[in-house]
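So, here come the structures, one by one.
Next, two complexes with chain A in common: one pairs it with chain B, the other with chain C.
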Partner chain A sequence: MIDESKPIGGKILTKPFMFFSAIAAIAAILLIKRFIFGIGAVTNLSDGYPWGIWIAYDVVVGTGLTCGGYAISLIVYVLNKGEYHPLIRPAVMASLFGYTLAGVSIFFDVGRYWQAYNPVLPKYAQVNSVMLEVALCVMAYIAVLWIEFTPVFAEKWTDKFRIVSRPLNKVLFVFIALGVLLPTMHQSSLGTLMVIAGKKLSPLWQTAYIPLLFLISAITMAYAVVIFESLISAIALKREMETPMLSKLSLYMVGLTVVYLIVRLGDILLRGKLLLAFNGDFKGFMFIVENLLFILPFFLLSSPSKRNNPKMLFYAAISMLLAGGLYRFDTFLIGFDPGPGWQYFPAFSEIMITLGLISIEIVGYMIFVKKLPVLPAVRPA
Partner chain B sequence: MDIKRRDFLKAVAGSGLLIASNPGQAFAITRPPKNMPPEAVGMFYDSTICIGCKVCQHACKEFNNRPAEHTIRPPEMVDRVWDNPVDLSAKTLNIIKAYRHGTGAGKNNEVDGFAFIKRHCMHCVDPACVSACPVSALTKDPKNGVVSYNKDACIGCRYCQIACPFNIPKFEFDEPFPQIRKCQFCNHRFAEGKYSACCEFCPTGASIFGPAKDLLEEARKRLTLNPGDYYDYPVQTVNSNQRLKQKAAKYINYIYGEKEVGGTQYIMLSGVPFDKLGMPVLSESSDVALSEGIQHTLYKGMLAPVAVLGGLLFAVYRSTRNKE
Partner chain C sequence: MSDLKDYPDIADGIEKKGISRRDFMKFCTGVAVTLGLPFGMGTQIAEAVLNPKRPPVIWLAAQACTGCTEALLRSNHPTLEHLILDLISLEYHETLNAGSGKQAEDWLRKTIKENKGKYILVVDGSIPVKDGGIYGKIGGKTMLSLCEDMSSQAAAVIAIGSCASWGGMPSADPNPTGATPVYQVLQNKGIKTPVINIPTCPPNPYNFLSTVLYYLTFKKLPELDDKLRPKFAFSRLIHDNCERRPHFDAGRFAVQFGDEGHRKGYCLYKLGCKGPETHNNCPTLLFNDVGSGAWPVGTGHPCFGCSEKGVGFTVPLHTPAKLKDITPPVNFPGIAEKRGKGVTVAAAAVVAGLAGAAIGAGVATSKKLDKKKTGSESKE
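Here is the complex of A and B:
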């Protein structure tokens, strides 16, 4: 990872920085309440809806949105396309934040957090559990991400990292390989989690193909976020846009979406459940919206000229990240129905805590790109 | 990269084949169903002879140290101590619920009648909560089949609640140090030679305890009765000497729990269809078999990930060396 990446510099204490820090501070105060009075004091979770937005958004959507480190590594290292290398660092950084904060979110979502390490103890590990696989894999991947990102710190503080830099560079390829393997495992298993919910998950989402659909949609979402993030930071930080590279990346995104839609729609047709989408209820409506969002990018990017238009790329990326996000949200919350009498809509505190986590991600991004060599060095525009 | 037309078609054809080879439910990767443990104990509830007295509910609270619940409190009742849960909760592990229709006159009638149902853990033969739990906090006793909870293992992830088709495990959302609570058939009383408190205190024999296979036999016998026949209903346990002669009601010809999600150790008979009593309509196959089947097919005892890692190490090594 010896690329010409440079910190972009600039003031840290900007207005957006203060704003997002304030939201994070409110979330922190609400979390104190959670630890004193229990999860029920800050959430609308119930025995019927034991998982809310902290799981569905923070973990399931959140890690999907931020698995860019994985998705770009697939292209750079597995398909051996070195030209995408400049995208790696920002993508790994996004993964670093997304996964670390998903881990934090799990820590305050689990009821018995003081025993949160139990999955790593062999006497407790239960190998039939999909959750065990997800838990161990995500824990391992968070560690791998920090190691993968170490060269960035090492470049910044050369003298402090001298002892680890050389040996680390020799074995870094092992962590990069793990960084591809682990998300393949847990991004698919995140979907498999819902198979055991059986009839409690609407047939519009309940299928044995969930793991495949979750894996593909994670990758397409990640490409969408990389495109989105690259264009946003180019505008916000007044840098040159990486349009040609993003345009090529969008082809991977669209190509994988073809596979996704064939599996998704083929499966639902063969199971004979497609008509459920049109019976006029909220679930059916969300199914239609979700799949239209997957289809929309085909029209937005149908010609080379459209693909080289940053605006079209931007809209296509938004459509795709909403599509993947909604598919996950639907599978974990909207399509989930534990039976009559139960309902769920997140509480104000619950939403604030999730917004707090997102704010920490944004604040962290601001600090990291300004202080650390993450973004590619600016070429003369 | 440009996606070539040919590659595109290959992807389309490939994913189409994948789907066509494994349509819908007939998934070849489902693991085989599980069998009832050899010395399985169980419970049998006959809704037709339940009088809704809720003594079982009270006994359950007493012997499991569960507090009373005041879910409905008209102002004039506030100062009285009473227990009035509306559904199962972390405080109420066993509950009698009522079905009422029209005039509510005839017991065990679906139309213009009423009936009771007793809800608690079904102690599934292939329990979803046990398969879901990442840390073995919920386990099924290999001998008697009781599904019980260990708080020292539990991390409080609540995946058991997502998994359970009967919504049985309950979580203490209002506690800073919460636990999962569920019916364990009073297995803490087994050592003293006792059994589930709800059955011990049931006055009519509506709830009886005993070996699962004897209970199933008893249920089948009752289905052969003609409405109006007198029958000696056993009280407390299925093989008890204490019998209560009662008139048989008109049964729905169905034993709930015999086949649901691969069978349960709690079975029921009723005069009113079970879906009317709030019991979920479930298939005979357990979703656990599919979930575990998928997971173990994909992972093959961690051999598959190790093989993939080998390939990845090679690919990454090659591409990082090329660059330097």
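Here is the complex of A and C:
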């Protein structure tokens, strides 16, 4: 360990904690309704729109937002930049929550949830299926994340974890490697899911490069989230700001976005579909907004002074988060047209359940950082 | 590849009966396909059929209605059917014998003696065993003793029809004659000759012919299931290959004979069709070569499970079948599904509220960041 991590302590039952717990409780009640009366009782899903925000947000955007554990591991372990190590634990924790809740959300979303374990049974495996790859990868990655995060518990409860922590430390590198491999596989496969939607997906988004675009934008979103989260916790938990590190991280984010935009715009130009964006319909508008959000961070972070300004970093991070999120929403829902007559807008209870899951994430974050050694120990400012 | 010319006698015979070489090969290939064998096996079957040294067949009739024989005679290629009867060298068959009485019985004894251990014994009908088997006699001997004697010296025994396979109609309650299936008679006596059951009432003649030709060609019995039925014919559920199956899956049933559903050809499950628990190839092979629909369910009558032990002749005709895998759903999907719902006031309010809160929080945070930055700068 280069830096020591420590629980920050403090009261658990704060006002924000109560607020988010209340939303989670509402979601829990609505989920009872879902499990008694079925998916139709709480969602607006239909045969034409078999997935809605539970997939588009909770799974696709959610795992993109929370693949910080992956993106920071890439820098720290693959590019061997140890200086970013303090960011690892909070990032892995965000991934832990994001992926676990994405898995839980799939459990709510599939009709036959009692068969949810079937993908892990080899006799049911259809090895050419993208869905199988995503399912297995995400399941495996959730397990890997919990193992990667085990040292945090082991530090807190040394006695109880004594038996596992020594052997675990010896093999942890395997799980860290898996933690880099698995998201590379499924973040791109999440995009492949929409490649197979064929002509149902608007040409503004339908391309063979969706997997690559999903992978790159997941990493840029992850850096944005790390910046965002670091700034927010600096304010909310009254901690020292990590601006120099974040400003360097923002360069990775912007650099990858350049690659993203070259592929994205180059592809659409070569396919000759760019003009569709300007024919005045909603999809075209969303395409423009989405790509402007990708471009905006350039201007916000164009000089070293701007990159060292927390406010600019904050705006750039938000812009990048919205860009990546919107790209995923556009690909999975807005650009998706199952045929004439079909429509979808999430139902009230559907939104509330998603908000409930987000609330659980926030509440979990509050408990974990206060009770477990996640955030770097505060050095005298 | 064998040629009809290699067997001049038979080849002449076939041609005299108006069967071209092409038709003959087509028939043999058809048999191969019925058996689930590769096309090329048709050639091997043709060779076996043309081989003049073919094992003799002895047909023993016990307690039955002779329907099995009738069905065999009425297969729609009479010439081919005769051809096969010639070719399998039928030595003894009470319905088809040219001779009768002592003449026939003498021939039977002579054949058994000459072909000991080589002939195929076909039995149609169940064997009465009650009171020493006195309820059925041929030439002064009980069917029981005939069956025991003849099967112990045979190469294989084919129990044709539901009676010979499970006891069938004569064994229905109260079973006054103690009608017993052939395999049971052999088992009781400890006779080890292999038995093949070809149930169905009456059996499709092609299932029988295919079994015999398989034996002639490969000199062994076809693969059998746990009830000794050849798998090529009896491994599939009728229900799974039934042309009315879509009606079952969609929940459209005939409830009474002659009701609207019955006239429209809906599923007969509720009339007691035993298709869901009966293994047979009737829906795909059909009967009498007259084209589609020529099988019980196709004509509007529920299957009564003749080829399944403990179903036909045992379970009442209109008792609903036991479903082996899929049960009909309680609810059925609507014809016109709802095409989704648009935005509602509550959902719009939540989304707008969220957007507002997010913008508010964003602005507030950025102000705090400014403050914090200036604060930390002034500290330095």
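Rule of thumb we're sticking to: the second predicted complex is superposed on the first by the 378 of 381 C-alpha atoms of A that agree within 3 Å, B and C clash if a C-alpha of one lies under 4 Å from a C-alpha of the other, contacts with A are read in each partner's own complex, and residues count from 1 in each chain.
Everything below uses one rule, namely that a residue touches a chain if its C-beta (ideal position, glycine included) is under 8 Å from a C-beta of that chain, and two chains touch if they have at least 3 such contacts.
Source: prediction; values computed, not measured.
Student: Quick check on the superposition: with chain A as the shared anchor, is it clash or fit for chain B versus chain C?
Tutor: clash
Student: Considering only the touch criterion stated at the top, classify A:N128 as touching first (chain B), second (chain C), both, or neither.
Tutor: Only chain B is touched by A:N128; chain C is not.
Student: With both complexes superposed on chain A, which partner does A:V263 reach: first (chain B), second (chain C), both or neither?
Tutor: first
Student: Between chain B and chain C, whom does A:Y315 touch in the aligned arrangement: first, second, both, or neither?
Tutor: second
Student: Give one of first, second, both or neither to describe whether A:L193 is in contact with chain B, with chain C, with both, or with none.
Tutor: First partner only, chain B.
Student: Name the contact category of A:I32: first (chain B only), second (chain C only), both, or neither.
Tutor: A:I32 contacts neither chain B nor chain C.
Student: Just checking: does A:G341 make contact with chain B only, chain C only, both, or neither of them? Give me first, second, both or neither.
Tutor: both
Student: Determine, under the contact definition given at the top, whether A:L237 touches first (chain B), second (chain C), both, or neither.
Tutor: Neither chain B nor chain C is touched by A:L237.
Student: Of chain B and chain C, which one touches more residues of chain A?
Tutor: Comparing chain B with chain C, the partner touching more chain A residues is B.
Student: Could you look at A:I12 and tell me whether it touches chain B, chain C, both or neither (first, second, both, neither)?
Tutor: Touch status of A:I12: no partner.
Student: Check the residue A:A22 against both partner chains and state whether it touches chain B (first), chain C (second), both, or neither.
Tutor: In the superposed model, A:A22 contacts neither chain B nor chain C.
Student: Based on the superposition described at the top, state which of 184-192, 220-228 or 274-282 belonging to chain B clashes with chain C.
Tutor: Clashes occur only in 184-192.
Student: Taking the two structures together, which residues of chain A meet both chain B and chain C?
Tutor: Dual-contact residues (chain A): 45-48, 341.
Student: What does chain C use to touch chain A in their complex?
Tutor: Within the complex, chain C contacts chain A at residues 337-344, 346-347, 350-351, 354, 362, 365-366, 368-370, 372-373, 376, 379.
Student: Which residues of chain A touch chain B in the complex?
Tutor: Against chain B, chain A makes touches at 2, 35-41, 43, 45-48, 50-51, 76-82, 85, 106, 109-113, 115-116, 118-119, 121, 123-126, 128-133, 135, 172-174, 176-178, 180-181, 184-185, 188-189, 192-200, 207-209, 211, 248, 251-252, 254-255, 258-259, 262-263, 266-267, 270-272, 336, 338-341.
Student: State the interface residues of chain B toward chain A in the complex, per the touch definition above.
Tutor: Residues of chain B touching chain A: 1-3, 7-8, 11-12, 14-16, 18-20, 22-25, 27, 29, 87-90, 128, 131-137, 151-159, 161-163, 165, 167, 169-179, 261, 278, 280, 282-283, 287-288, 290-292, 294-296, 298-299, 305, 308-309, 312-313, 315-320, 322-324.
Student: Would you mind writing out the residues of chain A in touch with chain C in their complex?
Tutor: Going through chain A, the ones touching chain C are 44-49, 231-232, 234-235, 240-241, 243, 309-311, 314-315, 318, 341-348, 350-352, 355, 381.
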